[in-house]
Each structure stands twice: as structure tokens, then as C-alpha cells.
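One structure, as C-alpha cells, below. Some questions next.
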Amino acid sequence: MSGNSFGTLYRLTSFGESHGKAVGGILEGVLPGTEIDEVFIQSELDRRRPGQSKITTPRNEEDKVEILSGVFEGKATGTPIGFIIRNKDQRSNDYGNIMDVYRPSHADYTYQSKYGIRDYRGGGRSSARETIARVVAGAVAKLMLKQHGITIQAFTSTVGGISIDKDITKLDLGNTETNIVRCPDNETADKMIDFIDEVRKDKDSVGGIISCVIKGAPVGLGEPVFGKLHAELGQAMLSINAVKGFEYGLGFGSAKLKGSEHNDEFYMEGDRVRTRTNNSGGIQGGISNGEDIYFNVAFKPIATILKEQHTVNKQGEEIVSTTKGRHDPCVLPRAVPIVEAMAAMVIADQILLNKMYR
Amino acid sequence: MSGNSFGTLYRLTSFGESHGKAVGGILEGVLPGTEIDEVFIQSELDRRRPGQSKITTPRNEEDKVEILSGVFEGKATGTPIGFIIRNKDQRSNDYGNIMDVYRPSHADYTYQSKYGIRDYRGGGRSSARETIARVVAGAVAKLMLKQHGITIQAFTSTVGGISIDKDITKLDLGNTETNIVRCPDNETADKMIDFIDEVRKDKDSVGGIISCVIKGAPVGLGEPVFGKLHAELGQAMLSINAVKGFEYGLGFGSAKLKGSEHNDEFYMEGDRVRTRTNNSGGIQGGISNGEDIYFNVAFKPIATILKEQHTVNKQGEEIVSTTKGRHDPCVLPRAVPIVEAMAAMVIADQILLNKMYR
Amino acid sequence: MSGNSFGTLYRLTSFGESHGKAVGGILEGVLPGTEIDEVFIQSELDRRRPGQSKITTPRNEEDKVEILSGVFEGKATGTPIGFIIRNKDQRSNDYGNIMDVYRPSHADYTYQSKYGIRDYRGGGRSSARETIARVVAGAVAKLMLKQHGITIQAFTSTVGGISIDKDITKLDLGNTETNIVRCPDNETADKMIDFIDEVRKDKDSVGGIISCVIKGAPVGLGEPVFGKLHAELGQAMLSINAVKGFEYGLGFGSAKLKGSEHNDEFYMEGDRVRTRTNNSGGIQGGISNGEDIYFNVAFKPIATILKEQHTVNKQGEEIVSTTKGRHDPCVLPRAVPIVEAMAAMVIADQILLNKMYR
Amino acid sequence: MSGNSFGTLYRLTSFGESHGKAVGGILEGVLPGTEIDEVFIQSELDRRRPGQSKITTPRNEEDKVEILSGVFEGKATGTPIGFIIRNKDQRSNDYGNIMDVYRPSHADYTYQSKYGIRDYRGGGRSSARETIARVVAGAVAKLMLKQHGITIQAFTSTVGGISIDKDITKLDLGNTETNIVRCPDNETADKMIDFIDEVRKDKDSVGGIISCVIKGAPVGLGEPVFGKLHAELGQAMLSINAVKGFEYGLGFGSAKLKGSEHNDEFYMEGDRVRTRTNNSGGIQGGISNGEDIYFNVAFKPIATILKEQHTVNKQGEEIVSTTKGRHDPCVLPRAVPIVEAMAAMVIADQILLNKMYR
């Protein structure tokens, strides 16, 4: 797989560095006739935008998408949708002093070793700024999925040691956007916000978990063996910056159970085959079974912290480094729309692939 | 992605059902000149073979691989290696009674819905018997990687509630093959074996976790953005039957940490850039950094249990079903070589892909 | 593109050398429920079989296909169809003397240079024996296409200097299989057969042109820009051994024309949009327009001749070489089913791809 | 294959319609460190630019490329190069009257049928304007190939009935750019120019043939079976607008020959294996043999003519249509750099792919 493309029929190919002229992408597989609602796309970008609240980076980018092709009189034509988002608020000077520094747990060292050259400003291609293209592609996927009655909702379920301690299936996910940390339980959200603010003041960062639920997916998505639906979802999520783990259904929890506890018994609901429990997370044998698909994504604390750290530079000298610049103390709130975008792309791709059997 | 192929340059395409004539595959990207040690390949197949111990299924298949092409006078020629393994010990009659039954948490219902037709005998294509092809492809990959000084070692670290409670980095992984559960800590192994045996007698099954360490991988494997090394590894592992989760480095544990705790500081070891800790699991920005790569894979309890279960059939009737036939109470011991095989394929593929930069 | 796979959704991956144990392949994208008529598949193999007439090689292989997976009770299940054809009549000893010889216009030198190792017996992977897998895959594609009312008919239109001098659109293509050179005009066929026989006696070989007509293809097959239907057909044909050129519609002849002569005017035939002429060969803008698709494929004379030739060996010595063994004086008659097979695969793949728009 | 991507490791994904905001693409596989000479890229664009001479369309586009990513301080970084070219001189009003017309031998009807919607202005995605992206990608490929000592030179060898009647291998290809029709034989060039001018005045168009020679390609490029080098070249050329045929080496001419006439005998030139003749066109068994690679590409007369033509419209009515707007009477001169660009992309891709064997 090319590192810059995602998907088979519904496919995004992306480009762009943090401090280059623009980021953008080419989107294929958008069904002709799909209404391309630019206001909705922009609203999704705004959800991932830096500077949206006190717990996100003050870097303030407008992130305004310009669609260059593939749309005619407001509708997709079936030809590829090219789009760009100009980079504007670039304080490249902030990075002059880290030109030769390998920042701990960043991609500086590995990129330099792999390519022998790198655009060091703001992490270049390794910057989470590339996720803008994912959000655009995911927004368009959502527009397609809406026509199939499929909805995708992610939310912050853990920040550091703070987790929602209620039954997640009973939460009103509609609450998610009512607070700045994107946690559907307002009480937990408040704790998370306070904690992140504290971490920020301490010039540190913190990790967490995003959970996601896909409702309305039809039976039959996914391919046997190497193309299992959850393997595609896992690859999608693990490709997001700072992600360290993926589990679906009961996930790592299922390792502790017996088959008699874990198996989901089938029953009939009218004409429809259903399962009484959904430990499988809506996927059996790698193929969706019509129940809700749900999964968790673990994020490490972002590597950029404003504390002193020991490290080395390109010249092979051990040094002490202090990162300047702006940063997110916790990437989770802004990553919620990115998780949704990747999920939407996977489902859109599978919907198209599955049409060959019709 | 086609559901039956894995990899870009080092690529396996597989075929075969549990109770068809044979399983097998076509392997591309084996470097010309590689010595194809058939004894080694067979020894890897024997590690995954059913019937190898009292805690695995008594189904007794010889699983003898026949290589049909791509090898001349013992060496790979660079052309595709076709191979088959005949199915022999098929008791298809055992499955006559489940022809129309949707077994709980199996792929019966989803395959039937997706394709409108299925080979119900022994799970057909959804049977773990397809993993034979993976083990062959992984064994050849290991032969290639050995020349680069890369080794891959997986082991059972958790079965149900029983985990190794020692520092895993200090275990002698050479012990792994000394017991039938493939746990490098013999004390824990004994507990696991007793527990699995108990589960078996109870006609139940149990899940667990397999851990894996890759040593000797060079700096620079993996592609930015969508082709991150851990995303490829995750996709590989999640494609194995019964896998529910994947994490690398500190994984889900990193969600609880702060950046100042999680970041791996760099230092110089002679000419070589190293990290003092390895919370990153050997991968930074999606690219290997030369440290050990390690990850965990969560397996659910296998769905086949010999207890009565409520379910439905193809006719849409609710029924009570009891599975007969032979089964594994715990898939972990036999899955250890499969995890290694998939890891070996990913690394071999990345080694070839990375050559374009040389 | 991997050199051993062809197609995106309808996809063949093949393996096998001329003198290895077997040739075979894995076929994906066969629609579940398709009746797999093994008698028909075998009849297609028999059309390409050596030893079928006095103008083909006396090498006598049974070429019996064994299907190993993907078919249950006579129908495709949607899982990959693995198949092998054992090599039987191998006189590998015939090739001992050419072990180190680079035969003129064969692949000996280029394979040796590329891989540093090769199976020299009978050309190894470069032998036209690999086309067996194509014929199997094409036969299954034809079974699928029959359900869509699509037929594919190739025939020999030129051998050396002898061409059909009648209006090809008025020939009864049903005659094609009535003579051993597979030319639908019996008068021309007789001349071709006499000529080939003469060439054979002279220990020489001769080239020619195969023409092909696809009837019943729906409007809309093919993708814009790089995936044009004729580009896919061209790639397919050019991948067949000994092919040197491809043209569709008026082909090279169109280079001489003016737009006013070449353009196909549209008219209405009832509800259907038709063209009065079909200089476009049924494809406009890379997409099928519902008219007959037709194209020509140029074959060079096969490189194996039984005359003395000057050449060099692996040791870099100039030598005089005389090939022994059996050979075809003219590859055309046996290549007719191969051209059809590749065309059938392309159309089947495009039919599946085009379903995403439905 | 996605219709909008070309290549495996060296890969262009393109977007854009004739009258949209911009055309552009994303280029992957550019070796890090390659100097990106924007002046050279622009000069290649200028060779394909409309309005460059009296025999090309007077549509006057600046076609100024803007590189948005993947280049740092003048050098490629190994990350994808995103680029756009804004559309400027759009007289969309010229096309209002053909909104519903299916122009003969254009893609209007097939696009409308495939997608159910289309951007009719100037042919939309089917316009040759998309080839701008190819020229940019080809120019960068040439910069990479120059480092390997590989050069690619195409030229107009036939226009209508006028062909170069000299031995092409003895022409000075350096002359190609000295005349506006890009024919290296000035005498023939003059005839071609006069003829095209006449055709233009007659509101008609004319076809022709472009020939191309690749010098300096190493032995070993191309993959066996489906990935033969000439099959990749053929697919590349056939994907260019208006191309109807491809042949390499002696091409269709080889169909008339005997093996004893066509075979290229090997000899030693110092340490190097050479062939005395080069009827193979530098490719044997699908793999380059170190001799010059050469091929011909047939172009039909462009469909846009300014004469009255009978056709139908979207409403299914038979009408008489006269195209207005600007057009090229002969596409050949401007297609020369496009042929070179596609060839350069194929060779660059194969160079990268072949590195896996090193």
C-alpha cells in the first residue's frame, strides 16, 4: 500500500506538510449525484480546528477548504474531487532552533534516517495537520452514508485516569458536542476539562481513549481472511497520529472470558436475525452482522511538551532541548472528528465494494 | 484491498476452505537466491498443527506442504511460489446437522447473508484452516529476514485471568517452545495448561493474549500517514481469526500517562542513536527506530463450544443447538506461529518497499 | 502492479513454470452462485492444448484442471477458486544442453540478468505454458458474462503475408472453429494452413494477427483517464507471450484519416443511442458505448526455431546454437482462446467495477 | 486499477476538469534528494501548451504549475508532491449550446450514460486538459531518470498520409524541437505543417503517429507475465486521449516475418551482451535487454471539427450540430511531450520496483 492513499474504491490520496503551502487530497469513489454540502464539510473541519477552545492549541488556522474539481452545480460528478487547504498561520521561525534536534518520541529521527532529508518545520508530513484531508474525505463519506441511513458517532471516553463510569450503551451520544472535551457524560467531561487544563499549565500532555459507534450499517460489509471489516477499521485508526491501540467489541476484555460468556446468541426480531448480546461489536467472521459496530482507540500523550528533555541532534551530540511553539495538551477532543472520518471512509469503501455482489 | 491477498511486494494470495480439497497460496516477492528450507517450513506448520497436544483439537491433519513452482534446485527464482496443502482428515459428516444452523458468534450468518451461498462444512473459508497458508508464507519470510539478522518471537502472555506477572523484557523467550501453551515462564505455563484443560472438560473455551517481539529490524521501515508500520502490523494481526484487539508499545496503557512519563529520550550509544526507554515499541511516526518492536494481540474465546446454545437457522426459526465435532478449547498455543508469520510477512514487505530509497 | 496478478475485482493470480510440478492460479471475484461448468472449462483448455493438430507442437499435455476451492455443489461460493494443472509430458532432458545458452529473442538473458538465477527448462516462467491459468480464468469469466448476454470471439485474421481479404464484419465467426488455424474464412484458412506447414518443414516460425469481437457489452464499462477500457484491453493483450502490438477500432489506420471521415455519427434506434459507423471500435472516451468492441493483436513469429543461430552463453562466449525440442511453427491458432480469455477477464472485471455506480 | 492513478511506486494520481477551477495531481515515489527544477517542469508544460503555434488551438492558457508540498529547499523530501495548475482562459459560454448534445466520437454520451451527470463544459474530465498533470509527473520522472543516464525522446513520424521515409534510427532526434510539428526530419516537417494548416482551414482534423525512443535503460526492467514492460508502456500510451494503437519493436510488421528473419542474435561487445539487430525493441520476455526501447503510438484525428455533423441529444432527438470553440486540427505536436511523460513515468516506476532485487 502506498502510504498516502487510503481505501480501494472510496479512496483518499493526500499530500501536504505542516508548514508547506497547503495540505489537500484527491477523493475518488464519491457516487455521482451525491450533494456536496460545503457548509457541512466546513463544520467538520471546524470540529478538528486548532484554537477552538482553551484546551486546544492556540495555533489559529482557518482551515478553509477549496474544492477544485469533481463537483458540478453542487453535485458530485463521479470524477475525482481535488481539494486544498492553504496553510496560513505558519510561524516557521519557531522551528528554526529545532532544525537539527531529534525531539523525543517525535518522527524527526526516523524521517531523517529513512529519507536522508526532511522538512523539519512543525513536523512536516508527520504533523497531525495532514489529518485535515482525512476530515474532508470523511465528511463527504458521511454525506454518502446518510443516504444509507448510517451514522457514525465518536466521543472521548477516557482522559488519563478519568473514564466514563456509566454504561456507555445508555449514554445520550447527542450530548457529545455540548462540551469542549467531546465526552457525552457532562459530569465526566468537567473532570476531564479540569485535568487537561492542569496538565496544560504544567507544560505537559496526556493521553486517552476515543470510543466510536456506527449505527445502521447493513449486514455483509467486509471481506473474509485479510480484508476483515475490523482489520480495515483497525488499520484506519492505527494510521491516525498518536494512536497506540485498537479494539472492537469487548476487545482486550474478551481475552479473559469463556466462550459461553462471550458468544452472542441469535434470535429473531420479526424477519430480522439479531443477537441478544453484542460482544462481537457488530462484526462476525470479519463481516458486519447488522448490529451496532463499536470500537475503542487508544491515544498516547502527544510528544510535544514544553518541559526540558534530554535528547540528541543530527550531529550525534547529546543535548538538552526545550520545545517552544504552541501545542495541544490533549489531542483527544480534536481527534474525535478524525476517528469518525476514518470510520466513515472505511464504511463507504465497503459499501461500494459490496455492490459487486448485487 | 482484495480480501485474499496480503502485502504489496512480499505478497501472499491464499485460497481454500476447511473441507475442500486443499488450502494453499501464491507467494510473491521472495528474493531470488533465497534458500527455501522445506524442513523449516514444515516445522513451522507443525507448530500450528492440530492434534499436537492434549490442549489442542484432536483433529489430526498432517498438513504437508507441496511447493509447486518458484523454486529451482532448492533456491527461490524470483517467480511466484505456488503451494498447496491437501485436506485429509475431513469428517464432513460431523457438519451435516449444522448445514442450516447459524452457530452463535461464528461466520455462518454473515457469510450466508453476504454471498447467498456458503460451504457450511467446518466453517468453509472462515475456518482457521486458512491460516496454514499464512504460516507457509511467514516461514519463507523468516528465511529471508534471517539474512538481515531479524528475528520474530511470539508467546502466550495471558490465558483467561492468568498472566505472566514478571517483567516481560527479562524473560528468556527461548523457553517458549518448552511447554505446550507456548508461555516462556514455565510456572505461569503450568497454571495456564491446567486452566485450559479444565475449560476443555467443561466443554467451554477461553481467550487470551499473545505478545510478540521483533528484534533486529533496521531503522526506516514503514511509510508516513496511512502506511505506518504499526498500522500494517495491526491490520495483519486483526486479520487473524478470533482477534479482537491490537496494541503496540505501551498500547492502551499509554492512554493513562503524561507526555513527560511516556516520551522516550534519545541518547548516543557509540555512533548509534538509541532511546533510554522504549515506550514507543520501536516505532515513531509510523517508522521503525531500530529498537525492539513489540505488540500484544487479544484473542476472544473460540466460538465453538460443546454446550447447548440458543440460536436461529437459515429458515428463520429459533432453535437450540449443540455443536459436535472436535475443537480447540484455547486457540492461543497454535496461534503463536500465526502471529509470528503475519509479523514476518509485514517486515519482509517493508524491507522490500524500503529498498526503493537505496 | 504485481507481475503475477491481473484485474482488480475479477482477478487472477497465477504461478508456475513450464517444467515445474504444476501451473495454476487463484481466481477472485467470481460471483457467488455462478455455475462452474468444468466441462466447458476443459473444452477451453483443449482449444489451447498443444498437440491438437499437425500445425501445433507435438508436445502432448493433457492439461487437466483440478479445482481445489471456491466451488460447492457445482456453484461458486464467492471465495477464491484455487486451481492447478499438473505438468506431465516434461522432457527436461531436452533442455540440458541449453542450460547456459541465451537463445536469441527468448527471455533467457533478461531473466538471468534480472534475477541472477533461473529455471532454464523450457523457458521456465517465460514459457507460454503460464497461459493455461489465463484460459481457466477466462473460461470462468465467460460463464459469468454469458449471464449478461456478452460473447467474445477471436479468430486468426493474418498469418505471415496471408490475410482475410473480405469485409470482416460480414464473416460468419461461427466458422472459426471449423478449421485448425481458427480462421472464419475457410478459403483463407486453407492457404494459412499450407503456409504454416511449409514453415514448419523449413524449421522456421511465422507471425500473424488475431482479431477479436466482443458483442453485447453494456454502455459504461471503463474508467476515465488511466483506466480507459481500451487501455485495459491493450495491457491484457500485450501481456500475452509474443504480442508486439495492439489496436482497437480503426487503430493505426485512423492515423491516416480526417475527423470528418473518422467520426461516428449518432442516431436513434428506437430508444437506443447508436452510431452509424463504428470506427471507434465500441469505445469512446475510454468507455464502452454499446456497439461491438473490436481489436487486433499482432504476434511476432515465435522465437524457437530449429535452425542454427549465432548467440552467446552465460559465460559470455559467442557460440552457434541449435534448439532441439518441440515447438509451434505458428502460435496463432492456440493463441485464439488466450486472446478471448484475456478479453473475458477484462470485461468481467469492468462489469464488477461498474456496479459501484448502481 | 483506479482510473485516476498511474504507477505502483512512482505514482501519479490526478484530478481536474477542463473548465473547473484547476487541474492537478499528487506525485509519489520521487526519490528524496532529487532536485526539483521548476524551470524544467515549466518548459515541459510549455511544450504541451495550447496556443504555441499556428497549428495548435488558439486557446491560450498559461499553465503555470504551483507545487504545494513534498519539496523543501529545492529538493524532493520523499513525501508526496501535490501540485495544481489553475484554469484561466475558460470560455464556458462557448459550451452552453452543447450542454445536451452528444458530439460525435466524443465522450459526452458515454460519460452521461455511466455517471448520469456530467460537467459538459469543454469535455470536463475527458478533456485532454487532464494531460497537464501527466506532463508535470513526467518532467519530474525525467529529472530522476537523468541521474541514471536515461533519456526519452518522442517525435511526430506520421501525419495523415505523410510519413518520414528515411531510416528512423539514423535521424538526428535533436532536430525534433526545431519545428512546430516536432518531426526530426525538417523536409517532412514542412510537408506536415502545410497539410495540417490546410486541414485547419477546412475546419477538419487529422491523425498521425508518434514514435518514441528510450535510451540508456538498464537490463532487467519489467516483470514477467502480466507486468511485462511493453504491456505497461502500452497501457500508458493507450490511456492518452485519442490513442488507437500501440506497437513496439517491429510491432505489426513482425506479424509478416519468419522467426529466422525476426530473431535478434546475441553477440559480445566487450563484457556486454548485445543484439546485432533490435527487432525486439529492447524488450525480451517482457524485460528490458539494454538495447534502445522504441515504440509507435497511433492517434486518431481529434473528434472536434468545426463542420456540421448529424448526431443526437440527451433528450433522444436527432439533430444537426456545429461545434464552435477553439480546437487543434492535429493533436500530434502537443502530444509529443505527453508520450514522453508517460514513458518517463513507466520507466521511473520500473526502476524503483526493480530495486527490490538489489
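Labels for the chains are A, B, C and D, by order of writing; each one numbers its residues from 1.
The criterion applied here is as follows: contacts are C-beta pairs under 8 Å (C-beta built on N, C-alpha and C of every residue); 3 or more make two chains touch, one makes a residue touch a chain.
Keep in mind the model is a prediction, meaning the values are calculated, not measured.
For the pairs B-C and C-D, the count of C-beta pairs in contact is higher at C-D. Relative to chain A, the chain whose mean Cα position lies farthest away is C. Computed centre separation for the pair chain B/chain D is 46 angstrom, with centres defined by C-alpha atoms. Work out the mean CA point of chain B and of chain C, and you get 39 Å between them.
Averaged Cα coordinates give chain C a centre that lies 26 Å from the centre of chain D.
Chain C has residues 2, 4-5, 14, 32, 78-79, 114-116, 125, 224, 357 in contact with two or more other chains. Against chain C, in their complex, chain A makes its touches with residues 9, 29, 31-32, 78-79, 224, 352-353, 355-358. Within the complex formed with chain C, the residues of chain B that make contact are 2, 4-5, 11, 13-17, 20-26, 28, 32-33, 66-70, 72, 75-82, 84, 114-119, 124-125.
If you check the complex, the residues on chain A that touch chain B are 1-6, 8, 14, 102, 104-107, 109-111, 113-116, 125-126, 130, 158, 160-161, 199, 204-209, 219-220, 222-228, 230-232, 234-235, 238-239, 244-252, 254-268, 271, 273, 275, 279-281, 284-289, 296, 298-305, 307, 309-312, 316-318, 354, 357.
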